[in-house]
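Each of the two complexes below includes chain A, the first together with chain B, the second together with chain C.
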Partner chain A sequence: MPVKELGALHSVGKGIARIDADEKVRGKAQYADDLHVPGAWYGYVVRSPVSHGRLSGLRMDSDFDWSQVVVVTPEDIPGNNIVDMMGRDMPFIAHAEIQYLGEPVALVAAPTRHLACVAGSHIHPDIEEFPPLLTLQEMVAQYKEDPSKLHELSAQTIRKGDADKAVNEADIVMEREYSAGHQEQLYIEPQGMVAVPESDGTMFVHGSMQCPYYINPELCETLDIPPEKLRVKQSAVGGAFGGKEEFPTLLAGYCALLALKAKRPVKIIYDRNQDILFSTKRHPSWSRYRVGLNKDGTIQGIRCEFLLDGGAYTTLSPVVMYRGILHSAMGYRCDNVSIDGHVYRTNTFPNGAFRGFGAPQALWAWESMIDELAEACGMTPHEFRLKNCLHEGDATPTGGLLRDSVGSPEVLEKTLERCNFGEKFKQCSHGRRGEKKWYGIGLSFFAHGSGFTGDGEARIKAKAALDLEPGDNGKPVVNVRISSTEMGQGTCTIMPQVVADAMSIDVRHAYYPMPDTFKVPDSGPTVASRTAMVVGSTVFGAGRKMKADLEAFASEALFEGQPVTLDQDRFRGSYGDKEMSFEEVAAEYLARKGPLRVYDQFQLPDFIKWNQNTFEGDAYPAYSWGCNVAELEVDTLTFEIKVTKVTAYYDIGRLLNPVLAKGQIEGGLVQALGYAMMEKIEVKDGKYDADRMQTYVIPTTLDIPEMDLHFVEYPWEHAQPGAKGVGEIPMDGLAPAIANALVQATGIRMRDLPITPERLFQMMQEEKTA
Partner chain B sequence: MADENTRGRPLAGGTDLMVQWESGVLDMPERAVSVKHLPELRNIEEADGEIVIGASVTHMGIRRSPLTQKYLPSLVDAAATIGGFQIQTMGTIGGSVANASPAGDLAPSLMITDGTVVVASVRGEREVPVTKFWTGYRQIDLQPDELIVRFRLPKMPEGYREVWRKLGPRQAQAISKVMGSCRGHVADGVVKSFRVAIGSIAPTCVRLYDVEKWVEGKKLDEAVLAEAEQRTSDGINPIADIRSTAEYRKWVTGRMVRGFLEQLAGL
Partner chain C sequence: MNKVKRTWNINGERREAEIPPVRRFLDVLREDLNLKGSKEGCGEGECGACTVIVDGEAVLSCMLPAGQVPDNAEVTTVEGLEKTPGGRLLQAAYAEKGAAQCGFCIPGMIVSSYAMLSRDPDMDPDRIREAHAGNICRCTGYEKIVEAIQSAAEQWPAEAKG
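Showing the complex of A and B:
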């Protein structure tokens, strides 16, 4: 199928250097801990030492000099003691119930970090302890026995056709369970925030975050201030991966509450240990499938239960679960689908956003299941996928129509061809005795919804603005005013590229300043693989408007009324030889009329229909597509597993910047490798056991396999520049591809993440004794 | 050092101590005295069939010396797996030994030489066999006024081979799950000499004397290899911790010893 063109672009599609590279390489970028805030005190959170209980009071040691510090308890909160996320069940500071170890019971601020800690150690919560529910395993056991005894935070179903009937009537019925554990984001820069109470009653929150317009309005109710009195600004962010999506609201709240009472700025910077112990992680998950097949390999019916361990409070777990169930049967044709999603409470820190947002958990299970189904009907994994995969014009599990921009089956076909899958598949070792290495190759194929789940984009109505104003050097600059943040993924580079093409100017005239809610409209959060597609197209629209405004101005003021076109940085009249550069015209505009601001707003095409109650229709405006092939070797002496090569094709729509896009894929695959094979964090006595970088192990350079990565471009056809999502999809497919390769190498099917030599040894032993 | 009132904690590279002070595992002492730059502790020399390594020689120093490369190859290989470039440039052999972590990666390669640790104080010098220097979990045979000054390590004899193997949770910057070294000589498939030491499976690094004795003189066929593996696993009692399970450690130690023998025999 030919790649559809949206018109030539000059800047988009070029791998220009990151605009923020220089300041980051030179150490000039100001991260939260670099912010110089005169007179700032340090905040400290006093935490519950138990996982579950009832708080009856706080004892404060009378021999401590309390005059030198400020202490905040729930009584000091001006508004409601509620973190206003999807559920309104979480308090900023516990006042009655304790739902997790580490839950705040008081806040302290002091002139030094040390004194704040010392003061905190003189505050003792009185807690009557209750038995906690701590792990996914306990949660699943209870679910199987009697789910009504669990505390449900959220539930959702998907129904299409009659799945139970279709499964029961099928030739082959297969039932399987899969699980995956926590994953820590482990960004380089830990969480950090400063709150500054301004003299006019404004609270200024400045720090490391993904979503300035989450903190505003979420904090307004607690601080009891109107949104216009809460200013939120992003500092340079050293990685986030979802870990700075909803969590910074908590940190901003602690700082702001302390700053209000102390009447001075308050800063909290977590060290690594605190950051791992007391911030969000990927939700542990459990999937159970019951799938019916015909002998010829047609999928008749899919029945799936998808459970997430939500941690102590709701936060944004419902949407994580939604994305999970929307990907739990995605990618393949089937008319009968029934999926039940649940999020249950456990007594650990609330789990939260992490790159992929439920999809990696769902696809880990589903893409492992697909291999098991293929085997059950005597087909190879690639034949089975080629037979069943979705094409343009097919329907998704929610009955959404794949109208256009569908990179399937091309990514699948190309990947198989590129790595010579069919031949290599025949060479797998299958645990043969007498070999020093076992070889295996495995496959995964997947789609990832671009943009907010369900009715999200229709609800958010992303806004973008462009400001033509004098830059720091006095020359005119077009500043991109969006709340989408730069957190390492490239926003601050791709947005000027988009502006350059929308206006037909050189990319050096456009700039992306760090978002500040006093200057940027609400473009929605920096999440859900939506920035390039949704906000990018809105920026493009604003660029077109600014181009038209400047052409009209030039025509009237500088070209004696003749029609004027701005093309490749030059204004030209439709007759005569007169030409002016963008810079000259823009400077004239600024001199005569002052700064120019234009807005645009994202319009979801009206044929995209979604029912948020029944989960029917188009769950996403578009999908990115991907295929991963993992090759691995198992050392038969030690069962060490080494992934030697990953071959992959992705369709992420139009490539805005191919170098950055490839960087996203490479980085995401490494993170997925960690999820699949190394990253293991368990709850011991209510506390995460791997609470330092020494014990929480992520891949190093030497662990990274050879990567053979390629793109095919099926641009989103409904708005320029035609990008789809790239941020999350690299996280989706590697874990199941590795598990599928491991089966071919060893004969052992791993159904729990992470996959380690210890687990392989244990399963080999179990197989021997069985 | 001799006066306990003014005594400071000896500090070599600080790559272990500073982490322990920062994380609160150890209290930070009032004084620390860096011994890293004492010239007499920084040499690697050859003397009387031995390689003498000063206590402040860094991991990078071990990696780069032609003497260690030729005569103590498993020590070189072990040093290359400790931390990253920065740690290898700061961390020292004396510090690593004094830190006495059961996962200290240099320990097995030192133990298989049957060499000695030389410690010094104002009372003079004293020599302790490497195999006796670690007395328990994070315990060493060193008085408060003593300092480790050098290691005397018999060279690998002609015709012998050494092998190092480390199993960690990842390929670099890893703390060992199990690691070990062997020094041995196999001729015509018959084990003439075999010394093997394993770390991370007991409170200290351990020599597997029983297995060494049992295998010496035997012809390495599948039955002997299998029994050496089994005897190794049966003879140890490792614990489970955050890095690995007890069962895997017990099994894989046997596998490693089998692998060592296979490699010595060129199998």
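Showing the complex of A and C:
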């Protein structure tokens, strides 16, 4: 493997069992609704019944006994009625404009959940209704007719070379449009939060979340308290996938505002119906390409428009769109690229973070387009990709240099070889008659930027701390103090593995407690495939410092001044036979000097340059790479589409824990399968039509194809442990691979997600009539 | 509302409850008896996170009026698994194979596994998938769950049968 040696690691790379597995299989993990909060009341959100309008007031039924509940309206908010995310356009509680159905107009708390709901039903908002803009389809139609009539939430361009000229001068010009609908994260644990007002004026927020340091500081302005008076702690999180990235700030705000007025703890646990109706979704997207090719298959120029349906407010949509445009022409060589990204307002719940964060939408379109381009110049999909894919030393669409850690083209070549793609491609059914099932095989190839987009990591400067302190059993423990959360992906296990290698101690001495902003520094949010790479390397740095500190202590206090090395859990002097275990030396340290805390901070390598205004340079510190092949069968009678096998290779840098890494890929691919073929949710009269688990259908054990999954390791070379991103990349490539396979099975090109048997039937009928 | 008195044998312990008969068994377990292991993921019998065993049958406790759980019923929830050899075997296999990620579906999933293997430990992956189609997991893609159950099935203790 063409990898520069980073240094051998012992704990990293082992598939040790999850450290939290025991409490989870025994039913002991404490999720938000399991927290014991004495005296807590239940919160309820009173919502707008219309999608767009002007709120003139609230009517409260006079025959209801209001003394038994607490009601919060905008007048009760101590600070500014603003949710301070990327835009400052969203209020916590609507006070004038209504921008979506379900927008909060008042909050209620009561001793029981039932009473809170009943009280809420006695509050009636008076709203003058305006016509809403509700769907991606309406938004795109308006964009084509006159975009100036849309409310733009964000826009960004990428320019490299002269794309228009290059496309116009090319031998072949192809123009295509693709779109994709909403996707619900559908974590199995619904959103839940508790706010506890403490006697010293501290507001303690505890619950299901990805990013404790989003809630603090975002809530401080609203509650009008300094950051040191807002304590945020994560409970066990029953899945998140982006759905608990920015949304929990809203829930925390509702609970905290009610708790302030009620002067007692308030909890809100959404039921599934509320959760689907009134939380974020993956942004619906629309991509239009105009691409110029030479007859030999060289890509001359790429012109792309990438639109996201932002929902009602800005929230995080600009960054989702940035990641979208950065992946819209990624993966292949081309000197002339022009991309325009836009996010427009629609009158639905604000769309938000979901695993992949714009990249799955972009790659759905781009990897479908690649197959269409291959066909246009008479090449097979694999030949076209092998010819054009990026190699080490090539430039990305923003002119960033792929210096090192580049798993392309190896992941592509290995996947093709593993599944015998070339041979199977010739056996596809399209064009044959008389088969009972149509067979197709399809391919996708992609990169996913690891770490925060653009200037994010330079801005965040992730911090990590390690605390050497007495553990629950009295023995010394190294606690990992980071704000990166455990939400199922394995943070609580990989971080002790990283510490073990940084310090050369046994992994059982390191532990990851749930983040609590009163105890952890800001390591940035748990998003953007950044935890293993960025925070992992910062934890490694902190581990090295703690090792040096303990070696210095041992030398001076225990080894009579001789140089001491901590190696594989043993302190050894450089002469003589004296040895002490880590536990002995750590206990001595604690007894003589008390707890030890060390910090480290993430430093981007100097050569990573990025211009946030022009979108030129290195958009990400590194890329993970992947290739998916989908094989499927179509029932010629029912048009049922069954994905039978997925073959994939990934380069996610160094594998910190192969079992957990594979679990991320398997789970992500199955979410991608749902996105591609099952998860259909539309806005009808302003409301999501699939608002329960009965109607929003995700894959079960019976929907899972055979999965043949492999890794190649191209570690990130600039910091131990050399991981790149793994969380999001499994979401990226399966939908286009399936669409590409479907073309080979049926001749039908699906350009809208999800791909359903009904839609296939309809398109085959249309083709017949045509 | 009228209340009914029930005495159940939950995880080998005698537990009493006086409850409105239509109160969901899940709420009785979680709120009245403080057995918070069983989870609510959907409240309509779709996700399986609330699965418990009543007299040998895996049931969805969010769909079950507590009054319908008869007196002296034998109830097993996730908290009771560690008291049985088969339960401990399943817990170890789930942990070792990486079958739990976020863990929220696991109380229901592993209780379904226990009910299924107690009845018939002779399971191949297809039958395991069939028997767990009512337990939704959003994290794992089910591969490691099926592996874990298969591994437990292969070592299923003879005394745990029946």
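By our rule, the second predicted complex is superposed on the first by the 768 of 770 C-alpha atoms of A that agree within 3 Å, B and C clash if a C-alpha of one lies under 4 Å from a C-alpha of the other, contacts with A are read in each partner's own complex, and residues count from 1 in each chain.
The rule is short, and it goes like this: a contact is a pair of C-beta atoms (placed from the backbone, for glycine too) under 8 Å apart; a residue touches a chain by one contact, two chains touch by 3 or more.
Because the structure is predicted, anything quoted here is derived from the model rather than measured.
In the superposition on chain A, contact is made by A:T701 with both chain B and chain C. Of the two partner chains placed by the overlay, only chain B lies in contact with A:Q762; chain C stays clear of it. Counting the residues of chain A that each partner touches, chain B and chain C differ, and the larger count belongs to C. When the shared chain is aligned, chain C comes close enough to touch A:V670, but chain B does not.
Shared-chain residue A:E375: touches no atom of chain B or chain C. Of the two partner chains placed around the shared chain by superposition, chain B is the only one that A:E640 touches, whereas chain C remains out of contact.
In the superposed pair of complexes, A:A236 makes contact with chain C only, with no contact to chain B.
Contacts of A:D689 after superposition: chain B is touched, whereas chain C is not reached.
In the superposition on chain A, A:D22 makes contact with chain C only, not with chain B.
Looking at chain A, you'll find residues 692, 694, 698-702 touch chain B in one structure and chain C in the other.
Across the interface of their complex, chain C is touched by residues 15, 17-18, 20-31, 33-34, 185-190, 236-241, 271-272, 487-490, 659-660, 662-663, 666-671, 692-694, 698-702, 704, 707 of chain A.
In the complex of the two chains, the chain C residues touching chain A come out as 36-44, 46-47, 49, 77-79, 81-82, 90-91, 94-98, 100-107, 110, 128-130, 132-146. Those residues of chain A that touch chain B in the complex are listed here as 273, 637-640, 678, 689-690, 692, 694-695, 697-703, 757-758, 761-762, 765.
Those residues of chain B that touch chain A in the shared complex are 19, 23, 167, 169-175, 242-245, 247-248, 251-252, 255-256, 258-259.
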